[in-house]
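Naming follows writing order (A, B, C and D), and every chain is counted from residue 1.
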Amino acid sequence: MSWSDVTSDPIEPAVVLERVGTPEDGAVALFLGIVRNSNDGRPVSGMEYEGYGDMAREQLAAIVREAAGRANSDRVAVVHRLGELEVGEVSVAIAVSSPHRAEAFDAARYVIEEIKTRLPIWKRERYLDGEAEWLEGHLPVTRKGAQ
Amino acid sequence: MSWSDVTSDPIEPAVVLERVGTPEDGAVALFLGIVRNSNDGRPVSGMEYEGYGDMAREQLAAIVREAAGRANSDRVAVVHRLGELEVGEVSVAIAVSSPHRAEAFDAARYVIEEIKTRLPIWKRERYLDGEAEWLEGHLPVTRKGAQ
Amino acid sequence: MRLTRRGADSSARNRLPLEVTVLLFAAHRELVGAPETVVSLPDRATVRTLLVELRGRGGSWTHLPLQGAVAVNRKYGDGETVLADGDEVALIPPVAGG
Amino acid sequence: MRLTRRGADSSARNRLPLEVTVLLFAAHRELVGAPETVVSLPDRATVRTLLVELRGRGGSWTHLPLQGAVAVNRKYGDGETVLADGDEVALIPPVAGG
């Protein structure tokens, strides 16, 4: 039942939420990443997400498998957006359900942290003054052959 | 903008989610507590929530204020349900938005943990075999005058 | 629903100055068969005075815990909390929200 | 879009046995002005061989990092990863998803 995608389509949090939850689950955790209107005090007008789509999809599926293992649940749904986003738009949605809350929180947190360190996606912040900059990123995990 | 309630009306997660989120927020965390279909292997048919409504509302508002302080955000929305719930129904919904993800996760987690240790609410689990039992609870924080 | 009124309380032969409303929930409510009761108490009575008074009613009331949590006017208190006329005192069984 | 073809590569005077496609993203893509390029390499070439080859093109190519992350056929590799004909090699700038 776990599911993940990397897409240029707008993200609907309610749809991601609906992908998790079974009668045995007592807890659901949802995390949304949102484009915000400033960074270090500099006014932001939007964000462009560029990705290595095929690899990002494979990596995200692997992250979801790992999170599901941690949560002891196969109810993990994640979608990451690509393309031009405006302030307030959802860049990533992560939903996890599991019998108990600690695992649901832990797995959702795991997914977002791994996305930020492993997923081959880059973002260019656009500022109100018309400039744009690729944001500093993380050197990804480079275990040979790691998925 | 923070908001909380204790109510017998069904909880709509999307409505709670809409109460948080401003253009300065880059992260939203949502937690849902759900009635599940078994407890320690015993099949459950539903859950009855009884509360000391007036005090629960005051306590929940205090918990939300504390969480908002931790998250450095006034975007915390929480609702706890009372009454007879079926398996799959939402018993509590907690939404937090904040500029950064760590604070949003932390505040949502804080709220559910405090609810479980302080909110004057009790639950009676109903089993498929027709029996029902008040669940073991936590001795609440009893700092004199604590809100 | 006030099940015990001032003067109907056997310990209140003399008119006592404090009257407090006691709320009972969940297992406590079922134990004594009532969600609420009114108790008359002497001046400077504490929560502990109240609990002793309630248990003194006999029957299932003797099973109410002396050490459990209480709230006075919707704020957590303890055995030493001094009561005033008109206070709302709730006996709080171990809580299980969420 | 293949910007460099086998034989058009100045270092490939002799027909080299490996041809790999290199993908460039974000700041790397803007640096060299192309999202993709094809490189011919000798047998048993590694990712490091490839990076040296790319930097040898001169101009903005010399600014590509030798130590950055790479993926071979969509899996993270490193400088020692041995390449095969037809491999898809992506130079991965520091990532910033989320």
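A few comments on the model shown:
Please note the rule applied: a contact is a pair of C-beta atoms (placed from the backbone, for glycine too) under 8 Å apart; a residue touches a chain by one contact, two chains touch by 3 or more.
Just so you know, these numbers come straight off a predicted model, no measurement behind them.
Farthest chain from chain A (centres taken as the mean of C-alpha atoms): C. With each centre defined as the average position of its C-alpha atoms, the distance from chain C to chain D rounds to 79 Å.
For the pair chain A and chain D, the distance between C-alpha centroids works out to 28 Å.
One finds 52 Å separating the Cα centroids of chain B and chain D.
Residue numbers of chain C whose C-beta contacts span two or more other chains: 98.
Residue numbers of chain A whose C-beta contacts span two or more other chains: 33, 101, 112.
Screening every pair of chains for touch gives A-B, A-D, B-C.
Partner chain A is touched in their complex by these residues of chain B: 13-14, 17, 21, 23-38, 87-88, 97, 99, 101, 104-105, 108-109, 112. Partner chain B is touched in their complex by these residues of chain C: 23, 25-27, 68-71, 74-78, 80-81, 90, 92-98. Within the complex formed with chain D, the residues of chain A that make contact are 33, 49-52, 54-56, 58, 80, 91-92, 112, 115-124, 134-147.
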